[in-house]
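Each chain carries a letter (A, B, C and D) given by its place in the written order, and its residues are counted from 1.
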Amino acid sequence: MPLTPEQEAEIAAQRATPRPTLRAVSEGMEAHLYRAHPVLDHGFVRVIDYMGDDAAIVQAARVSYGAGTRHVQNDEGLIRYLMRHWHSTPFEMCEVKLHVKLPVFVARQWIRHRTANVNEYSARYSILDREFYIPAPEQLAAQSTVNNQGRGAVLGGEEAARVLALLKADAAQMYDHYQEMLSQDGQQGLARELARMNLPMNIYTQWYWKVDLHNLFHFLRLRADAHAQYEIRAYAETIAACVRDWVPLAHAAFQDYRLGGVTLSARAVEVLKRRLSGEEVGFEQSGMSRGEWREFCEVWG
Amino acid sequence: MPLTPEQEAEIAAQRATPRPTLRAVSEGMEAHLYRAHPVLDHGFVRVIDYMGDDAAIVQAARVSYGAGTRHVQNDEGLIRYLMRHWHSTPFEMCEVKLHVKLPVFVARQWIRHRTANVNEYSARYSILDREFYIPAPEQLAAQSTVNNQGRGAVLGGEEAARVLALLKADAAQMYDHYQEMLSQDGQQGLARELARMNLPMNIYTQWYWKVDLHNLFHFLRLRADAHAQYEIRAYAETIAACVRDWVPLAHAAFQDYRLGGVTLSARAVEVLKRRLSGEEVGFEQSGMSRGEWREFCEVWG
Amino acid sequence: MPLTPEQEAEIAAQRATPRPTLRAVSEGMEAHLYRAHPVLDHGFVRVIDYMGDDAAIVQAARVSYGAGTRHVQNDEGLIRYLMRHWHSTPFEMCEVKLHVKLPVFVARQWIRHRTANVNEYSARYSILDREFYIPAPEQLAAQSTVNNQGRGAVLGGEEAARVLALLKADAAQMYDHYQEMLSQDGQQGLARELARMNLPMNIYTQWYWKVDLHNLFHFLRLRADAHAQYEIRAYAETIAACVRDWVPLAHAAFQDYRLGGVTLSARAVEVLKRRLSGEEVGFEQSGMSRGEWREFCEVWG
Amino acid sequence: MPLTPEQEAEIAAQRATPRPTLRAVSEGMEAHLYRAHPVLDHGFVRVIDYMGDDAAIVQAARVSYGAGTRHVQNDEGLIRYLMRHWHSTPFEMCEVKLHVKLPVFVARQWIRHRTANVNEYSARYSILDREFYIPAPEQLAAQSTVNNQGRGAVLGGEEAARVLALLKADAAQMYDHYQEMLSQDGQQGLARELARMNLPMNIYTQWYWKVDLHNLFHFLRLRADAHAQYEIRAYAETIAACVRDWVPLAHAAFQDYRLGGVTLSARAVEVLKRRLSGEEVGFEQSGMSRGEWREFCEVWG
């Protein structure tokens, strides 16, 4: 359980006091506000604020497609058109602010998405909590033999047990030493900005993260993908579920054109056209590299 | 009057239907929502949406300044501290979306602020309205003799009259020709994306513009400045008035540290220190260029 | 001819004095440096500087794929892999700086690509030259009847002649009036920042534009596309030709995966799979909208 | 010594083969190319590439300040003018690419500067080296009692010895366990993307970092500042020394207006003016908070 009773009470209080607004309201997103959606063993995603809804995307796009254009185009059709043709600016008109608690090694991947605003809890200024990510046994996988940056088979019980024991003992010991170095009991106490360097990268940090919908979709496309590391994918999927309730039409278009879509190279288009016309086309005739061909076959057989 | 009765009715309708929300609400900003604040002769600024308030800045900053720190620091003090020390990320946690109608030559200056989201009315897709910026006589100024990119004295009545007559007649003629080229009456009609090239840069365009508070302050610092061109300054001042009602504490800090503040070079610091210790320091002793010295004296005499 | 003899001489002088450097050098790009590639009737693209080459992309990627990985992976294979899997950061490690002369209405489209650095010639500060884009007759097309933001058939001779006459006469008159307003002969002379508003949007401006290779590819994908307006496409194609000489491997991968590639929605993948298995699938069975289906058939018949 | 003999040989080879170029060349920067400037105990900064020089800043600015302006303005004067008036775009026309080896906790601060390009060595893909930052004894300081995010007095010898012993032993143990978990000797071997979570934040990582001069100055202003954490300041100062050799005029202006400059609030301007006119103004009359007043007195006494 990631939250203390005090924190739970604070969230309940925030959810107890609706106020009137003239802004666009998404009922689906109001249901998520402030609630902590658990992720991994101690992490969470909380929606703190949002701006806009499906209609706001259409409204912004129609500034660009104003007077003199066809009026009878429903919102869904326009949103799908915008997504299909990579008109990204109307999706940028929606914004969301999240409070996320996550292990440092996940935060390091996440931060590479630069087009977002971030306020992270400062370990120069404050003392981090004793909370570490320890994977569930079914997540303890061996190095993949085909993918240099992926996982293979789940570890056997004994090896898994050894790994878990190491991770737990090391985290505990490092945190004990962190506290010993900080302690001002009978000594000066090391500066926080120095002591933190002894903490392992599975310690939890937290941040406020604010991003527009276009850049969030880009994040989700890369991080909710099957090739993303499981630990960040768990966050991406939790966020995606909130997005679906927030902007259902935009999310459906994203699902169809991005997450479920496929990008073909010119060579791949050529191969498919020849196949459609009845020709047998194998690896030798494809002009592709081994890796490309393997990826091509995963989709097209 | 920039809006049609239909548009006014639409705005009234939007303002008539408050809905409950659990998000942060700024009463000051709610009063502005959707209303058209007139700027120049046909332009306007409308607040379409906003995210956050003064408390949201503090809330985001306190993620970075969490457990283990002093609790009794009031919001105003923290906001002033953040502004003074250039901690920009908490201000990025507020966001605003505006609908702006503005002349193209102003839009060209404005768009140079890249850290914002924009949807502009498309003249490839739609036909622009017959609306042009014609300066008020008191704004018709001569080229400055001291500042290559500024205005000097107001033009004399006869010269001003000649200029106004030219601007009005040319705008009318160009728009007539725009319509003639577009017309499909007895001819094919030129494509919109080509016909638009005949329009002058005082024609009005419009866009949705979304920006976070930190970048908006940067915009205001440059564009609400006395050295900015009057026409964009008029927009900046209208926006600044909305910001003051939205986040009064942040706006006051911005006023004190940025708009009303002064940046001194190392040389200028040196001169001031010598003066404070009773020394007479003039241009020759300053180590400054003529331009620097003139700007220094504007502040310090 | 866009350049004066003095400007030509300056370019020749710059090209006459090679100097030794230890940096990565692209022979293909050295051949372009400073030369003015003509675009449209008075415009140009000049390569002013560049950083990196194909090897620099590989070198940067190998920081991320360092010790312990397969060593025998040739540059072309790695570059194609990076492009296929949307690993954009290694392409960001190359940079190019261009000097571009272009009509204002093209500049307004171009500037929407925000991830670039720009210094534009200032009409607040300086007086613009008397140069306007007048389309070649074969570019004078009617409004498209199927695409709200595109061109259809070329205009008939008489209509084209009328359009050209209007564009030329209007540009000349506006520029004459611009000069009259600026003139300090017997009058004060209007400030440049005001007089410029009377100029039409086919007047030429110029800027320095600096961008990394990843963002340049994004620009080229959108602007060298058949749906882009001809006038900006002319610039994109000129730039693409320089890029091909600069980073031939990266350009070939871009050509295969982006320009010549196709993005399929989940629905389109489904239709193709059914067709590949021998099924007849038409519009009614596709689940697509009319527009999607039309675009699908353009590629797949 | 951060580099192996093989790496040293590679650098020597790169420096041995100058090639002719027509681009702008900075002799001062050529002397730095590829060389490893040591930072901290195992880190370094290497200049990999650069674009532009002082003249390139002026050249870009003069597009904005072209025909019709004063010609006799020397480069230094213009560069100082641009810096003084926050005209940032000409400085963006220079670019530099660095290879940096740095502890993870420093990398986490550094990456918050978003306007830069980064390729980091991937611990999903590769195995990190056994190298950890262990502070020099004179850097082992106690938590500051006046600044929540700073250091106070240096630790006493015995306490320092205890801290160093802990840091060294923990790093060694964590790395041993990292290797044990990865090992495929008699077991499957944990995936790299998981094993890395057991590493402490003083382990070294490396990346390619590319940034324009304007954003680099912003980085240096914040990170070469006395309030920055020592460990990142060490990198900032090494980079600043390279910048001084690369663009000496721009660096001098930066030194005078930014690093050595002072920003005054409107209240502080008021206090200084009253003092200059002979008035005694103390804390009570200043209108400042305690913190502001303390910072004011650090500069003005």
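Here, a residue touches a chain if its C-beta (ideal position, glycine included) is under 8 Å from a C-beta of that chain, and two chains touch if they have at least 3 such contacts.
This one's a predicted model, so the numbers in the text were calculated from it and none came from an experiment.
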Any chain that touches chain D and chain C: A, B
Path length in the contact graph (chain A to chain D, fewest steps): 1
Classification of the chain B:chain D interface as same or different, half of numbers criterion: same
For chain B paired with chain C, centre-to-centre distance based on mean C-alpha positions, whole Å: 29
Where chain A and chain C are represented by their mean Cα positions, the distance between them in whole Å: 33
Chain A and chain B, separation of their C-alpha mean positions in angstrom: 34
Multi-partner residues of chain C (each touching 2 or more other chains): 65, 69, 89, 112, 118, 122, 125, 148
Complex contact set, residues of chain A against chain B: 14-15, 17-25, 30, 33-34, 48-52, 56, 59-61, 63-69, 89-90, 92-93, 95, 97, 99, 117-122, 125-127, 129, 206-208, 210, 212
Footprint of chain A on chain C - complex, ascending: 65, 69-70, 77, 80-81, 84, 86, 89, 112, 148, 222, 255-257, 259-269, 272-273, 275-276, 289, 291-292, 295, 299-300
Touch list for chain A against partner chain D, complex: 103-105, 108, 111-112, 114-115, 118, 122, 124-125, 133, 135, 139-144, 148-153, 155-156, 159, 163, 166-167, 170, 173-174, 177, 180-182, 184, 187-194, 196-202, 229
